[in-house]
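Take a look at the structures below.
Below, chain A partners chain B and then partners chain C, in two separate complexes.
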Partner chain A sequence: MSSKTNIGLRYLISVAVFPLIIILNLMLPDAANRPDQPKNVLNSLLIVYFGILSIYVLYGHILNKQPEVRVQMVSDISLIFGTFILIWVITVGKLGFLNTHSFPDPNTVFKVYMTDFDFLTYESSKASIIRAFIGYFLALATAIPLGILAGRNLRAFSVSYPFSKVTAHIPPIVYLPYAVAIFPSINHAIIFIIFIGAFWPILINTMFGVYNIDPKIIEFAKILGANDKRILAKVVVPAAMPYILAGSLIGLVVSFVLLTAGEMVGANAGLGFYLMYYFDVGYFDKVVAGILLISFWVFFWITFGFDLVQSRLLRWQRKIG
Partner chain B sequence: MTMIELSDIQKIMNGKIILDNINIKVNQGEFISIVGPQACGKTSMLRIMSGLDKGTRGTAKIQGKEFKGHHPKVGLIFQETLLFPWLKIIENITFGPISRGMDKDKAIKEANHWLSLFGLEKFGNKWPYELSGGMQRRVTIAMNMINNPEILLCDELLGGLDLITRHSIADEFLKLWFDKRPTIIYITHLLEEAVYLSQKVYLMSAKPGKIHKKFEIKLPEKRWEVQNIRFSPEFAKYVNDLRDEFLEVMEIG
Partner chain C sequence: MKVSKSIKYLIIISIFLVTIVLNQFVPDAANRPDQPKLIFNMFLGMFILALLSVFIYGHLLGRLKKNGVRTIMDLSVVFGIFFFLWLVLIGKMGYTDHLRFPSPNSVFTVYQTDFSLLVVRSTSSTIIRLMQGYAPAIALAIPIGLFVGRHVNVHDRVAYPIAKMIAPIPPVIFVPYAIELLPSIDMAVIFVIFIGAFWPIYVNTVYGVRNFDYRYIEAAKTLGASEKKLYTKILFPGAFPSISAGLFIGLVLAFIVLAVAEGIGGSYGFPGLGWYVLYFADLFDYEKIVAAILLIGLVVVVWTAIFDRVQNRILRWQVKGDE
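On to the complex of A and B.
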């Protein structure tokens, strides 16, 4: 019982750091060298996060509806995240450390999401996400079937393996200038490099996943009476699924890396473009806001897109922890 | 009537003779066991019987006909418990019938019948990892038996289980054989298990794998009804004879 209370206290600290930031943000005066900034955007975001986190911890810890490990993980991460914002608010915003121009304070940065709502938060995000997903889904749609084919066929495997070893390790960004030249627009070129970048990790993992399936399990399916089509759907694909998903996750991360890199080179919309545009004119608050938004989207799609799909597809695996 | 017959089978793998001069005839409805030292080619022989492999020489016949590839009347239980871990228990059991074109509802009905036969009614909706080793073995049996195989090949069906579970699955399996009368070829390294289950025990010798000797086990068929049969003098004698010969074979190897 007492150990449980202690854990509760630890959770409380990780939750409480957020109201603490809000109070300090409101109470302490901004540093003299920083122009006064409205604090509502940062504070609102913190309140929302505080609310979600409190419900999560309450639901998980007090009502025992979530695995302890996961509640612990979420509150640990929140504590680190909260401490980072706290230090940022106090040192930069309130005490006025660091150069005002290159190191904007959090209130200035978060204000950008409101003042630039159309351009940054909505349009740029939309343009980037659409691009990333077209490239990524094209890669999924081609790499998974090809990987299954190559993994099932020894001859195809022996050809694709050495071939993929060379091609997969060419940094996809090097194709960009050439892609810009041959594709009708920069947009197509970026989608193409995202496709190439995500394609290889998905292909290689799928190929290995299929190749490494225990032949006995396929023989067993055959003996039970399954034809090739059924074996493919009910045995090969699910057996290789952990590998396919591992490759798809790498592919997803690579997609975002290439997306922003490509957009910074020459797009006329998207988060990378936004970043580069304001870097050129020297608005670092907007640059930092853009960086944070990109990390948010990567986090969002991995946690609320990929992880959910993964836990659904692999629910047959014994959970660890 | 001869159900399955191997004549003059030789199997060479990587330049090594795995099986040599294998002649074996199993009658319909018989339960035979094959025992032998490690790496004597028991599993290779079973794979030839299942049609998964072919002998380098010799012929394999089912009901007097040579066969190529897997024969639909043959069921096979592999050494490792093989369930499809990504299918629920009920889907595992219906896998065979649905693959063979049975209607899904009918297959589920039959699968439920098999589950209740093994006392696993409550586990149909579970994942394989949620079941104990013994339960998984029972599911593997059901996955095969639901297809009504005329020949069932088993490789170490009860390996790696504790004694109590082994004995109770052995009894269930024997009853099943008695009811449905498939021809069963059973590989094991446990002599006592071979004697308890089968009517004939073939002892193999290693390097190369050959059939060394055949033992006829003349115990009542309904062995689960005889109290303490495992402790009876006849039983002990069969096991002892088998063990003596086994030790001799080991020395040759």
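On to the complex of A and C.
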């Protein structure tokens, strides 16, 4: 019982941080060295987050509709996120530590999402996300079948495994200038390097996963009368799935790295381009806003995209455990 | 069996020999500018010498592992065919335009003409920077990862949520801000490489410790192992397979970050392989770009080979420790 109240208290703290920040932000005047900034964008984002979080905790913890571990994780992440914003608001925004040029205060930064809504929040995000997904899904669609083929054929495996280990180490970003020359546009070139970057980790992990399947399992399936197609669909793919997913996660992280890298070096649209454009001009509130938005998108796609797919595909693992 | 294998290996080596002969005696395609053939031939000749020594030392004398010799030979088939096709199709028959698809002779000549800038200064400063960022990442990520993995509370309440939030953020986006905040570009580049390499190594170390069979730790404790011994003799070797996977991903990310950071910092004028590629991309000098890409590939291969050696040494120690 006592542990239950403790957990409840913990949730209360991590939820209560957000109204605290809003009140502090509204009540305390900005530091003298900061220009007078509208506070409504940061405040409304915090209110939205606060609303979602409290509904989630109510739904998950009090109504018991979500696994306790997941609710705890969400609340812990929120607490850390909230503490970060709180410290940022107080030290930089209200007390005015550090210089205004390189360390913008949160109100200034979050205001950028409103003033640059078309350029940053909508157009750049759209351009970047479309690029990342085309490259990443092309890599998934080619690397997984090729990996399964190479993993099942011993000779192909022994050639392609060392070869891919060497090739996978070459940072794909160096192909970018050359890709720009060969492909019709910079957009294609960035998609190409995302594809290359995601391709190798997925391929290596798939190959390794398929290669390491206990041959006895396949023999059993054969004895029980399964044909090749059925063995592939019901034995090989599920058995290699943890490896395939591990490779896909690395591929996803690498493709975000390459996306931003490619955009920062050469694109004319996208989040990385936005970052570099305002870095060159010297607007660091916009640079920080861009960094936060990229971080948000990466976190969002990995947590709400990848993790959900993963837990769905690996249901059988939890059942066994 | 041994004889037929020897013949196979000799055929592989002779692919390179055929390429040299072709290069020397067949004239270049008409649309190619006349290029000295010396450097490419020298490169192929060095490749042949290396392969011959592997063949004699490893295969005939049996001093290297059988698998190692076979892997090297299999890889050289791929490279040999690649160089052969490149030379014949582009250099000698002159398919595709010569601006975007330079012939091997003109690419390899770059190593001679740009020797001091590309081969010496850029390569050495890239390697030094990489080590300056990558070594502290290893030195910090592994101990912190072992500690966090061992203490469940620290992991669940603090470290895991932080890592979950920050680890997947692409490190390259910190480049502009790091250049603004840190006193020099060099430090910014090194810092971002550090960030890029730190997270994969850390995450994999924690994962390795968490998935390590807990009974080993209990057994070691029962046998009276001190806390320090527990870390060095049980947890580190036990988590090492996972750590090495993290080191691999960390290295790939470090290279990507290095290339980008050098490219952006390059406007401030300092050499480096990533800077070299991006600088000559602005000038549309594709010979130099391809030459630098190949050189990066070579650096990566050598680095990986050294790295694998170190790794095998550590794993050997682990086997000894288990006995």
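Everything that follows uses one rule, which is that the second predicted complex is superposed on the first by the 318 of 321 C-alpha atoms of A that agree within 3 Å, B and C clash if a C-alpha of one lies under 4 Å from a C-alpha of the other, contacts with A are read in each partner's own complex, and residues count from 1 in each chain.
The criterion applied here is as follows: a residue touches a chain if its C-beta (ideal position, glycine included) is under 8 Å from a C-beta of that chain, and two chains touch if they have at least 3 such contacts.
Just so it is clear, the model here is predicted, and its values are computed rather than measured.
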Partners on chain A (chain B, chain C) - clash or fit: fit
Which partner, chain B or chain C, touches more chain A residues: C
Partner chain in contact with A:Ile250 - chain B first, chain C second, else both or neither: second
First (chain B), second (chain C), both or neither touched by A:Leu258: second
Angular separation of chain B and chain C about chain A, which is computed from CA centres of the superposed model and rounded to the nearest 10 °: 80
Which superposed partner A:Trp316 touches (first chain B, second chain C, both, neither): first
Touched partner set for A:Ser295, first chain B, second chain C, both or neither: second
Touched partner set for A:Ser158, first chain B, second chain C, both or neither: second
Touching partner for A:Gly96 - first (chain B), second (chain C), both, neither: neither
Distance of closest approach, chain C and chain B, by C-alpha atoms in Å: 17
Footprint of chain A on chain B - complex, ascending: 50, 52, 70, 72, 74-76, 78, 80, 82, 84-87, 95-97, 99-100, 127-129, 143-144, 147
Residue ranges of chain C touching chain A (in the complex, touch as defined): 70-71, 74-75, 78, 100, 156-158, 160-162, 164-166, 168-177, 179-181, 196, 249, 251-253, 255-260, 263-264, 273-274, 277-278, 280-281, 284, 286, 289-290, 292-293, 296-297, 300-301, 303-304
Chain B-facing residues of chain A, complex: 216-217, 219-227, 230, 234-235, 238-239, 241, 315-318
Residue ranges of chain A in contact with chain C within the complex: 72-73, 76-77, 79-81, 102, 158-159, 162-163, 165-166, 168-178, 180-182, 197, 201, 250, 253-254, 256-261, 264-265, 272, 275-276, 279, 284, 287-288, 290-291, 294-295, 298-299, 302-303
